[in-house]
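A, B and C label the chains in the order they appear, each numbered from 1.
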Amino acid sequence: MEKIKNISGITRFSFIELFGPILIITAASCLIGFSSASLMLTVQFALCYFVMVLALQVFVGNSGVLSFGHGAFAMLGAFVSGLLTAPVRIKNNALSMTDLLQSIADIQVNLYLSLLIAAIVGGVVAGITGVFLMRLNGLAAGIATFALLGVAYNFFFNNTKFGPGSQALPGVPKFQNLFIPLLLALVALVLVYLLNVSSIGRTLRATREDNLAAPALGINIIRVRRIAFALSGALAGLAGAMYSHVAGTVQVQDYYLGFTFLTLSMLVIGGSGSIWGALVGTLLVISVGQVLLMMEQGKAIFGLSIDLPNGARAIFIAATLVVALLWRSSGVTNGKEFAFPNFKKKSN
Amino acid sequence: MVQAILDAISLGGTYALAALGLGLVFGVMRLVNFAHAELITISAYILVVTNDLPLIVSFIIAAVVTALLAVAMELLIYRRLRGTGPAIMLIASFGLSVLLQRVYELIFGALPKSAAIAPWMSGEVKVAGASVTISSIATVVITVVILLIAGYLIERTSLGLQLRAAAIDFKTARLLGVRSNRLIAAAFAISGVLAAIVGFIVVVENPQVSPMYGVNITILALVGIVIGGIASLRGSALGGFMVGVILSLLNTFLGNARVYAYSWLFLLVLIILLVRPGGIMSKANEMERV
Amino acid sequence: MSLLEVKDLYSGYGKVEVLFGVSFKIEPGKSLGIVGPNGVGKSTLLKTIVGEISPKSGSISLNGIDVLGKGPEDIVRLGLCLVPEGRQIFGGLSVTENLQLGLTGRKDKSTSKKALDKVKEIFPVLTSHAKHQAGMLSGGQQQQLAIARALIADPKILLLDEPSLGLSPTVIKDVFDQLKSIISNGTSVVIVEQRAHLVTSFADETLIMRNGKIQARITPEDAKDELKLKHAYFGSDN
């Protein structure tokens, strides 16, 4: 009984928990994004990462089952949306696309429609693979989802009929402004929050698997995990597609180990139990990365100029993750949702 | 044909050694150590950098440094994370892996470093009428010898008994006097030496060492452990061996489609896991133990 | 100076407190029973003594040495060995390997061989099954193996958590007879049991626990008074 009571994170809808993060994202995106063109790009990428981290939060954060497979859904979403929106002229003439299937080369759809399709494809594929994968637990689940990522990467890297292979797909239309990715991120946030406070979210957290060995899974748990996996697959597909429209290109390497590592790190650093954790983690990692990048470029930050050697940035980011885990293994937010700072001692 | 068989066995043996190193550490602390890759990498780097020294000296330096790095990982990072759960430790090891890759990049540069290590090994000899490379024979011999030594260590010595007992039930092992910190450090040291040997084997074949040199083999060894059955070291080694053999065979027989070898391998892994979640060596309905 | 002295011990798991000021001592060559219904904190007490969980406050000393903050592996070496609940033998390892593991906690390694022989003398069944997997043994044999494995470390004091669990009455009698001979060899024994009657007549003194406290201390003489025993065990309101 004790365990049920102590489910980390939210259990009931709370206005503050949802609108606090919404306000923070909107304010941060606008304030930082409109300060310079390069920061605008950073903010757009950050929003893509945030959607991906939300996708991971829904499944990994709630169920405690590790998944390395979400990179595969993001990759799929990026390829779908990239190929659907890239101009026919480019697809028919680019050197990297000589083998592309004619039927793919000749389609072109609207950006918004393609984002929707990417999410649906991600969700459907996650739904189908989830039917099998969700029977697994712990390490077996981790390796199986990794195998999924491996297959997707190996396929897209080598196949030139359904994409540019190891090369970049050129001409993917970029988002025209900050508000589209921002809106998409907010929609994802609301969806994830509503799911988390629903009975699905509660069941998932009640059966959280914090260690590799779990007792035999009941049918109900498997069903709930499948639903969450499909939904998080759809969000991952959306995140991948958004990423391609920020980068203006699709490259298979962008969605492989580095991407998987970075997004999982964001979730864990922030605290995997809540959307607030997902937000804090994303913000923290992106900011550390951005500040270090500016130092590398010798730019002054708050009037302070520290020169960093090239390559130090990547070391600091990885070190941040390790140190963050050593400092607080349950994440910066400790898995709690957003709340106003409370200086009064809690009565409980 | 003889070469193909030798290649399969030597690749299998190499992955078995990598899997054994990973399995040892997993056994005592339920840690999937992604950073094992960087142990293999550092060994390869040291062998390349110290290539002017006699091979044996060069190898001993590599083995000592690798083992020390492995123990340092435990003392500085993993020891402090004990009890936080496998998922956190896995992510931490992932972070440590990337961290070390970047450190290597800073020290050795992003471009591959290379040196002809044991050049005599690339020669060929006639075996049963077919010519095969010396390195493939040497690899088979080395892996068999090391696996035998490891088998003796694990099955016949007091340290091995403690390692096995701790892998089954660390709590009870401690009640009997097994010193957890020392035993875990020992497991890391042995896994470091195994990684150094793997580094040696692969660097002879492919002397182009870059920061991510050990990642591929580690991932495949991990896959091997899980399909072999993480519950036992024997299963881990066998799984690693199988992955190597299968991959080698796929490369030989897929012809032009060999670029998709990994896809087929991973699909096979998925199928095996779905049929036997606890690995091939587990009983059908046995759950993963912790 | 007592062999084991527990003073005013408060302990529990995280925020959940289980023990509220437990104190007792035991002298060399004596036996002590600790009884009480499920959930009164008997196992928590043992886990705290062997160092698996650290207490909130209080003190535990072994032969005058303060053992607070020491882990189980160190406490074994100070001469205190626990036979855990459910025996926890290594089922996949052979009987001999299980016994060899017991040697890990032994201080004097030069007499290991002798210790092995001596234990096999007390438990002859272990010799005939030496090569078998321990998991293949019967429940009673497993319990004997668990006790033997602990004895090999040459403890001055042996703790047993629910040794009768899952055993038939005749086997229980055998096990308690063996414990008697262990005590007569000078080893102190602490037996934790849910089934009070097994211990009250056996041990030199029996503590009855309730709600994380020691409710009563009784001698075998008192145990004959059934009513008194019941009152102590279930509380006076029953």
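Note that in this section a contact is a pair of C-beta atoms (placed from the backbone, for glycine too) under 8 Å apart; a residue touches a chain by one contact, two chains touch by 3 or more.
Just so it is clear, the model here is predicted, and its values are computed rather than measured.
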item: Graph distance between chain A and chain C, where chains that touch are linked; value: 2
item: More contacts between chains, B-C or A-B; value: A-B
item: Chain with minimal offset from the mean of all protein Cα atoms; value: B
item: Between chain C and chain A, distance of the C-alpha-averaged centres to the nearest whole Å; value: 52
item: Distance between the centres, which are taken as Cα means, of chain B and chain A, whole angstrom; value: 31
item: Cα-centroid distance, chain B relative to chain C, in whole angstrom; value: 42
item: Partner chain C, residues of chain B touching it in the complex; value: 158, 161-162, 164-165, 168-169, 171-180
item: Of chain C, residues touching chain B in the complex; value: 50, 52, 71-73, 76-77, 81-82, 84, 88, 90, 92-93, 97, 100-106, 149-150, 153
item: Complex contact set, residues of chain B against chain A; value: 30, 32, 77, 80-81, 84-88, 90-92, 94-96, 98-99, 102-103, 105-106, 215, 219, 222-223, 226-227, 230, 259-260, 262-263, 265-267, 269-270, 273-274, 277-278, 287-290
item: In the complex, chain A residues that touch chain B; value: 64, 66, 132, 135-140, 142-144, 146-148, 150-151, 154-155, 158, 210-216, 257, 261, 264-265, 268, 309, 311-312, 314-315, 318-319, 321-322, 325-326, 329
